[in-house]
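Pasting a structure here, questions to come.
Chain lettering (A, B, C, D, E and F) follows the sequence in which the chains are written, and residue indices restart at 1 in each chain.
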Amino acid sequence: MRENQLRSLWRAGHAATCCWLTIPSAFTAELMAHAGFDSLTIDLQHGLIGYETAVSMLQAISTTPVTPLARVPWNEPGIIMKLLDAGAAGIICPMINSRQEAEAFVAACRYPPAGQRSYGPRRAMLYAGADYPEHANAYVLAIAMIETASALAQIDEILDVPGLDAIYVGPADLSLALGVAQRVDQDDPIMVAALDRILQAARRRGIPAGLHTGSAAFAAQMFARGWQLATVQTDAAFLEFGAQTALSQLRGSAAVQRSGPY
Amino acid sequence: MRENQLRSLWRAGHAATCCWLTIPSAFTAELMAHAGFDSLTIDLQHGLIGYETAVSMLQAISTTPVTPLARVPWNEPGIIMKLLDAGAAGIICPMINSRQEAEAFVAACRYPPAGQRSYGPRRAMLYAGADYPEHANAYVLAIAMIETASALAQIDEILDVPGLDAIYVGPADLSLALGVAQRVDQDDPIMVAALDRILQAARRRGIPAGLHTGSAAFAAQMFARGWQLATVQTDAAFLEFGAQTALSQLRGSAAVQRSGPY
Amino acid sequence: MRENQLRSLWRAGHAATCCWLTIPSAFTAELMAHAGFDSLTIDLQHGLIGYETAVSMLQAISTTPVTPLARVPWNEPGIIMKLLDAGAAGIICPMINSRQEAEAFVAACRYPPAGQRSYGPRRAMLYAGADYPEHANAYVLAIAMIETASALAQIDEILDVPGLDAIYVGPADLSLALGVAQRVDQDDPIMVAALDRILQAARRRGIPAGLHTGSAAFAAQMFARGWQLATVQTDAAFLEFGAQTALSQLRGSAAVQRSGPY
Amino acid sequence: MRENQLRSLWRAGHAATCCWLTIPSAFTAELMAHAGFDSLTIDLQHGLIGYETAVSMLQAISTTPVTPLARVPWNEPGIIMKLLDAGAAGIICPMINSRQEAEAFVAACRYPPAGQRSYGPRRAMLYAGADYPEHANAYVLAIAMIETASALAQIDEILDVPGLDAIYVGPADLSLALGVAQRVDQDDPIMVAALDRILQAARRRGIPAGLHTGSAAFAAQMFARGWQLATVQTDAAFLEFGAQTALSQLRGSAAVQRSGPY
Amino acid sequence: MRENQLRSLWRAGHAATCCWLTIPSAFTAELMAHAGFDSLTIDLQHGLIGYETAVSMLQAISTTPVTPLARVPWNEPGIIMKLLDAGAAGIICPMINSRQEAEAFVAACRYPPAGQRSYGPRRAMLYAGADYPEHANAYVLAIAMIETASALAQIDEILDVPGLDAIYVGPADLSLALGVAQRVDQDDPIMVAALDRILQAARRRGIPAGLHTGSAAFAAQMFARGWQLATVQTDAAFLEFGAQTALSQLRGSAAVQRSGPY
Amino acid sequence: MRENQLRSLWRAGHAATCCWLTIPSAFTAELMAHAGFDSLTIDLQHGLIGYETAVSMLQAISTTPVTPLARVPWNEPGIIMKLLDAGAAGIICPMINSRQEAEAFVAACRYPPAGQRSYGPRRAMLYAGADYPEHANAYVLAIAMIETASALAQIDEILDVPGLDAIYVGPADLSLALGVAQRVDQDDPIMVAALDRILQAARRRGIPAGLHTGSAAFAAQMFARGWQLATVQTDAAFLEFGAQTALSQLRGSAAVQRSGPY
């Protein structure tokens, strides 16, 4: 049975890096899998990625030891189970608002008697090993997103759901929910307080907490505060950053000091 | 009839920027089309891109005024004509070694009597206008790559081929051909001399010369010398650069000062 | 911020034309986007179209000013939000049966505090502009289908749901629901009465009402009665109509007066 | 109107063979459609297959008289109706736990007044005939999976749901649900009793019962007991079996008596 | 062994209808296969279709008795053989300019000793029968396009190539080649004479001649003159025709008498 | 730099197993990569596989240590180089008829000065290592197919081409070429003699010879004679074999002793 490295890092008390994959391409997934992140999340919610492309991206990540996660579009058992069967080592589920929603999510990630996952881990057995069925419930990470006012209000009830492995904050959604100007890497006191409340509630239970960030600098700060997973931007943002860096240098060149195509 | 902006820039004596697209994805093509380059080249030679994905990328670029080019895998009329029918505003053809090869390439880009392009510009008429057939021979750019010892030896014969619109140097291949250590942004005297010889031969005939570069700084130098098209890296290189920049910052963070997944 | 032209037409009191896209192809989407309709609806319900192809069709429509809508397979937030993130300017949701269902649908189309849409408008920002997040709630059209007996009974409650932008009638489903022979372009008195009741309820509130039609003639009649959106057939129906027109002419030819392949 | 051959076989009191298709490929679907099974089930639950590939597989099966079924990922009306519109002759729905769930499933397969299926059988009319709309409710098979403790407890209520055409047992899931070691082709007394109870409940009502098996021998036994549908393995299992058979013969060869790549 | 119906029609002295498929979609291929044409040509030259989509279209056509042909992008043995292996019943090859090119083309369509086709008719055996290998050389149609000045000059030499089954004229290309205004359905005397010369040369040898037309009326005229295959437009043209017909009716409606989106 | 295991096996004097992949699917490629073959050949000639699917299959094989080869449709530099850039560890080229063709093939596989391969090994560097460019000429296997009368006549000239790594016999094509009944696993004396002649010519030069076989038994015989690579059937044949094995057992069952669907 393959080790779930993200789980091992957390068990050892480490923080782990992640990047969202939003580009529907097994080639970019393979490039990112060689970049050096501990884990990668195939984003089927806000990324432009459907199920079959996600499978091809799981295959591409499987050429390396990086831990492959998937974010599902919604708390819907069909797609959660399909992605686990395809070899995702964990699921990040958006918009968990209550204990009941968290229970349903965890149940979709676990075989009976712990849950209601249906049996048929076709590619998961190729990827993780022939003994995957026996170890799956302990291997798969169920990670609930905390990003609504309702979730913030019920953070303790959600964290108490048995089998929940970690939580993850989407700061853009949480900002909108709290009436704060939407942006990542927030220093707004309301957001700072909310993030801190979430982190402490998780740490009291020994549950790792992660969040999306827009910069390595902010991620490093969050690690220092005790967050154990930080996603640094997305593949698309890296692509844009690379292009903008080059173009801004070029525009300093005399030869291209004319108006561009826009 | 839509204007070929790259041709217009050249006519006005300007240099133009370009980037290779090697990721088989219409989403990344659309991202790059909004980045600010004058032109984008869908690379069907060294990129991981097949014909149908190239069409989807041409559609994505068509949401912007950026000039879409395609590099074909080889000097083969079937794929050249298919990409023109699909709306490429120009073709970059690798490994043109002789006058005869250049003639065959140009002929594939032109309707009779100027060439032997077969008629059926399905998507080109949607993209460029219903009057595309009358203007196609003047609209489409035929750009030959100069990247072999043979091409260097016959540079004048190649440049004299009627209808050749521009030339483009692949410095990695030319390095290999000249026995110079293969890399982009060369300062090896043999390569510097070869590049200069190619540029001067082109400029004597008023034919724009372009080249692939690995950095904005080198591209700016080349613009200053008179090159009129510079490709700055590739989409994949930008993606890697963005990821490496973030990861190197993160690794300075205390929390992740442990060995990564590799 | 790009203008939502369909919304503008409605605000100006105009009727607008639409066509369903049921063929899973970005090429046919681009062809139809050049045909002259005000809007096009990518039909993920009865069309043979999955999510990733829908994205490619949105890109193809984005090469023109035509307003791109999508019909979702069901009132499920995951797919509604994915299509909005991908750049759909509005969502048509089938089988809205009650006030509660309409509220859930509208909520999926709006960021907090107006709704519960999750933040991440990747392609929407490329398509509609970098300021999309501020304007999205006013830009996106939420259009509920009225096509069941239950919806007809609760038409007023549904129309009173805040934020509902328009309604749309599926006459085939409504016929089946009312026990009337299923067909489009109905003159059955029961259907005529039902359509009229729906239209008047909408007009009293200033909410545009649209419907599917099977012919331009019927669409024109409906426009005259005050309907403000009419879908005229589908891409597949146009294809069949073109082929049948040609074949019926050919079969009049002496040379092919033999039995065909069927 | 095309005949639903699986329904006809059942009406005549016959047992029928089936195979799960888990490989996302129209080519393997066509190969399997020529192999000699009575029916084939495109498995969108545990197979690595998304919606658009499923459509292509339905087309491939349509080149033969084999009856095409689809298993949906979950009891969700959107995907059930999409697959019926695409020409599936029946739907197998996993994890039906109660009368209410069975009713919802059947309703998604039937046009009003029998159910709530939405009208738009695009490809179904090409495949099954232009008169499909009149015959669809009698043509489409609604097959509920019985594979949980809850379903076993409510087997009679589920079987009494009007319009349910057949039931199908997933023995791996049922094993897990009953706390029995998970495997197919069970002889564990608890499973034997459960299977018998399900079969008798179905037979009392004249409803065909089917199940998944892992071998032809076990399938034959089950046919002898009165089961009327047996799936024998999957396409992927056949592929692995063929490869293992060849490789085990080869390893007996002197020339390859060295350690293999694993 | 399946009958090649196009060959049978020709043997019986009949004319046959065809339509070009340019849309990369198995769904539109299946729609067109039910429309009533004798044959359909998947156009890999000017259509927006790559190899794998062509295979899916062959599968879709195989659900009906319509004869499936493919037009290749160029006279290149790799793609000719791949399409034959995939089940095309004939190949239309563009731009045959000489006896030598015609011989190479025919050789690519025939197993030794008649030609040099490589053995591996995977899908062809599923489609046409297990005895395909014995009958393939007599079953497959090799159809050379006559559309250049050179081909016109060497029409007799080309027609004398053993094994050439038919010829096909591309009138747009032939117009360009002859310096006549490019259009289909020509009445220019130069084109009329050229078409007549080609037809008579073919008829003297009993070789069926076909051509592309832009209307049923012109096709009927050509049938009357002795042409035995006429392609009537393309799928894309039918789609546009259907849309334009509807829109022109709608624009007569008072409600939409405003300027459209263009 | 990753080791080319097939080359290492050959260097050590071992025979190696292979299987053709003809199914266009990364999932079946991954299944087969876990089956236990030393190498797998993605068959772009007779398999139903295009370029982009081949790339996804290379990625799937890269999750294991199995050596990935690709057979190209024809001796055309564009596709040879594209597959090498995508990470194929060797190319099998069909229908090599002469020294000149063998030289052109080998040149397409080697960077200058050994050949004319163009530089841009995007995915190859991810797969095989960042130092791929320095080692590529020694790493990549160029394997010529000997399967025509002409190749048999010129076997010595072909084998003398510098840089040719191995030869491979296609027995179906060679049978057709020699006028022998086409089948694999031949005992026809003409074929036996031809195979022996090819093998001895190769062995005299220390060049490994491989061939396609239809059974493990025949492959074992060939290994015993000194052949160093044997392909045992194809993925599609394994799939059919598995299905036929199961169905023949089922048909012995009383319950299904009726005529099947054919």
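Note that in this section contacts are C-beta pairs under 8 Å (C-beta built on N, C-alpha and C of every residue); 3 or more make two chains touch, one makes a residue touch a chain.
Here the structure is a predicted model, which means the values were calculated and not measured.
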Exercise for the section: Compute the centre of every chain as the mean of its C-alpha atoms, then state which one is farthest from the centre of chain E. Expected result: A
Problem - Label of the chain whose CA centroid is most distant from the centroid of chain C - result: F
Exercise for the section: Quick one: report the Å distance separating chain E from chain F, using the average Cα coordinate of each chain. Expected result: 34
Completion exercise
For the pair chain C and chain F, the C-alpha centroid-to-centroid distance in angstrom is 51
Exercise for the section: Return the distance between the CA-based centres of chain A and chain F, expressed in whole Å. Expected result: 41
Practice task
Specify, in ascending order, the residues of chain C that touch 2 or more different other chains.
Solution key: 24, 27, 31, 48, 50, 52, 55, 76, 79, 123, 236
Handout entry: Overall pattern in which the protein chains touch one another (line/ring/star/complete/other)
Key = other
Practice task
Identify every two-chain combination in which the chains touch.
Solution key: A-B, A-C, A-D, A-F, B-C, B-E, B-F, C-D, C-E, D-E, D-F, E-F
Handout entry: Touching residues on chain D, where the partner in the complex is chain E
Key = 26-27, 30-31, 34, 55-56, 59-60, 62-63, 123, 126-127
Fill in the blank from the handout: In the complex, chain B touches chain F at residues 22, 24, 45-50, 52-53, 72-74, 76, 79, 94-95, 147-149, 170, 172-173, 176-177, 179, 182, 236
Completion exercise
Residue set of chain B touching chain E in the complex reads 50-52, 55, 76-79, 81-82, 85-86, 111-113, 116, 118-123, 133
Exercise for the section: Spell out the part of chain F that touches chain D in their complex, as residue ranges. Expected result: 5, 14-17, 19, 23-25, 27-28, 31-32, 35-38, 48, 64-66, 215-217, 219-220, 223-224, 232-233, 235-247, 249-250, 252-256, 258, 260-262
